[in-house]
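Following are the structures in question.
Here come two complexes built around chain A, the first alongside chain B, the second alongside chain C.
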Partner chain A sequence: MTSMDRRALLTRAALGATGLIAASAMGSLAPEAAFAASAQVPDPGAPDPNFAEGLITGRNQDLLQVQGSDGRLHKIQLTGVTSVWKLRPTTIDQARIGDGLYARGVKLPDGVLAAESVWINIVNLDVMINSIGRTGLNLDHHGQKVVGHVQEGITAAVYNGTPAISDLSMLKVGRHVQVIGAWRPGTNEIDLATIYAAN
Partner chain B sequence: MFAQQVAAAQPLLIGLLLLWTSYGKLTRPEEAQKTALPKLVGEKRATPAYRTVGAIEAVLALALLSPPVWTAEVLAAIALGVGFTGYLVYAKIAVPEASCGCAGTAAKPVGARSIARALLLTATAAAALTASQGWWSAGPATLILIAEAAAFVVLSPELDRYWLLPLRRLRIRLSHPLAGTASNAVPLAATHRLLLLSPAHRAVTGFLRSDIRDYWDEADWRFVSYTARYDGRPATAVFAVPHDAATPEAVRVAVVDESSGQTLYRPALLSLAG
Partner chain C sequence: MDVMYGLVGEASWFCCGNAWGPCASTGTGACATCHSGNMQHAWTNTSDACYAITRPDQCGVTGVSRRTCGFRHATTNLCNGARIVTSIADCGPRTRSFCGERACCGGTCASNRVMDLTPAAFTRIASLSAGLIPAGIDVG
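Right, the complex of A and B next:
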């Protein structure tokens, strides 16, 4: 079943325009083992077993090898039902070697983390806007220069906590803003997702 | 004759510059910890070393500004300029994140501008070598200092907020480079916020297992799906958010069985009540 058919089914379900659907109408996307296990509660002081972070150092089909920033090694299984964020919700093939990630899921008995949610290269920075150009912002993060690229159709701004809009023309030079974005590995550049500004 | 006067005028600029930089070092010696000094001379000696440099700058500045005219003062200024240049190059290589510590409290790391400023200081001091009279008798040659001072200002990251930021602000007020980004498209962040505030989300939040998995637009709606579990079964929660929704009550949701495609849960009353 294609993602289009799937979306059509979900569209009808959300709007209540459909009753029961035949059992064969939708193929299973979830590996049974991954989500049969229930979430474990971490021991006090111990690392959360259902969470992992680090750099992707290897990828074998949908099994990621991740080197944690604390030195721990993680194996993370992506599945058809894993949510993947990389600047926007995207597909599991976007997880590449060299990317950084945060993953949350269910630890399987063999030590593999079956990921339910993965955030790739996500950064959350308090910065000052140094200058504004046609393609993005030059930012200052505690003295370090960061280039923030505007992505048409994705980058949005939240002014004073009001709903996000695509209009970035109210951003001002010299102001502090908070940005959520996707880091471009090996650079000081990020693609901007959301900019929170107070005017 | 004029060259003589230009040379004679230089100590005035060097003196004022050193007074400014020494003031920052003497009044805020704790800034030393942000520089490369702790690595160069040790953490304990960084603050005394920083303060000593400030004191040397102050003494030399006063000597340059006041009579008599001694070549030794100029030679000391050259030595200081060379020392600063060497130190800054060392800092940029050894501790790239260290602040310059040159003047004021700017947290900016050492950059090409700071090094260029130290070189300019050295060159200015070298230009004063041939002076045989004091800056107070330099006459109209003193006006050249305005151009030199401007060069020092341009090379000082500490002063950017007084001229560079206002200039950039003015430019953006005249014509904002991102003025073309306004559109009627609803950003996902706006949909997400409305969704999180909705009764529909409250009704199913216990079933959700993932972040946003997929989203798409159709007609006047945006649809957002999440991986979910319902009654122990793998499922998908799909939200429908009207593009023109004014209130979160307009958001609808259904939980759909992952394998059969059946709608397992649909808090329809919520949308009617809204």
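Right, the complex of A and C next:
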């Protein structure tokens, strides 16, 4: 499926989900019109209208209410074709109140963002390893302590571009690593997905 | 047709501005304009003080031009050819902490971190969960 096919499908799915097709009588809310709007690339430095971030404050079926970190309010429509990541690829039911998210999709004329992809609680941190325990890592993120939990069957390390492996034994205290993980809302703890370590 | 880039290396993403979770303490960056939802990036050589932190030369990456806040770069994901243009809003990435690191997709690889994009920018060319991608950088 091409990107255009996917976006057109996504928009149709979102319009169907919100009942807007009937309301619009296939006028300005046609999927092609929404896709044409989404294809416009914002100017460098400018906000991207087809992107949103913030904390989930409400959920009505598959419509998320999100409080942006900048104070803006977003409505994000999840659909059957929305890809969702929450520590691993997962399903739309995993989006819960209190979670943080980044979302990319198609901004519909009524202001709802029809989500193509949603990344829930994802963090990408450049950290130093303070200590290594049996079940996780104690990390320093610009002076802030972060606890990283190893998740069996999920957590993997990438050593200098090699394929990801579950063996974490080559990690070293005092070294900088980059971690992709899922934040545990309201805490300074994350579940570790991928740890990138250079030589 | 082979495409030539001014700089080839790894690109990643970072959060800035008002944010949730561990990102909440990051601030608006060296240019005081950085926001995760904007089409922006961090550059390794925005000032002497910045370069002292990033030091790409210590990884063998030489000739990174001095560029200041607002300067535009184009980043191409070498895995899929997707390209975006963003403007400088912060100093980074800290190349020297990851000397020799490689990001690969298929048979395409690139070494050393040279570009950090905001989430809004990165998600236009790759998935956030990818973390690192090989990228080509040009003036935008």
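Quick note on the criterion: the second predicted complex is superposed on the first by the 153 of 199 C-alpha atoms of A that agree within 3 Å, B and C clash if a C-alpha of one lies under 4 Å from a C-alpha of the other, contacts with A are read in each partner's own complex, and residues count from 1 in each chain.
Please note the rule applied: a residue touches a chain if its C-beta (ideal position, glycine included) is under 8 Å from a C-beta of that chain, and two chains touch if they have at least 3 such contacts.
The structure presented is a predicted model; accordingly, all values stated were derived computationally and were not measured.
Looking at the shared chain after the overlay, A:Trp119 reaches both chain B and chain C.
When the two complexes are overlaid on their common chain A, residue A:Ala46 makes contact with chain C while staying clear of chain B. Of the two partners, chain B and chain C, it is B that touches more residues of chain A. Judged by the touch definition given at the top, the superposed model places A:Trp85 against both chain B and chain C.
In the superposed model, A:Arg96 lies in contact with neither chain B nor chain C. When the two complexes are overlaid on their common chain A, residue A:Gln144 makes contact with chain B and with chain C alike.
Of the two partner chains, chain C is the only one touched by A:Asn160; chain B is not. Residue contacts after overlaying the shared chain place A:Gly133 against chain B, while chain C stays out of touching range. Of the two partner chains, chain B is the only one touched by A:Gly174; chain C is not. In the superposition on chain A, contact is made by A:Ala193 with both chain B and chain C.
The residues of chain A shared by its contacts with chain B and with chain C are 85, 117, 119, 142, 144, 193-194.
Within the complex, the chain A residues that touch chain C are 41-48, 51-55, 68-71, 85, 100, 102, 104, 117, 119, 121-126, 141-142, 144, 146, 160-161, 176, 178, 180, 183, 185, 188, 190, 193-194, 196, 198-199. Only residues 3, 7, 9-11, 13-16, 18-23, 25-30, 35, 81-85, 88-89, 116-117, 119, 130-134, 140, 142-144, 150, 152-156, 158, 163-169, 171-174, 193-194 of chain A touch chain B when the two sit together in their complex.
Across the complex, chain B meets chain A through its residues 97, 99, 107-109, 161, 165, 168-169, 172, 176-179, 181-183, 185, 187-190, 193-194, 209-216, 218, 221, 223, 225-227, 229, 234, 236, 238-240, 252-254, 256-263, 266, 268. Chain C contributes residues 12-15, 17-26, 33, 35-40, 70, 72, 84-87, 89, 93-94, 97-104, 109, 111, 119-121, 123-124, 127-129, 131-132, 140 to its touches with chain A in the complex.
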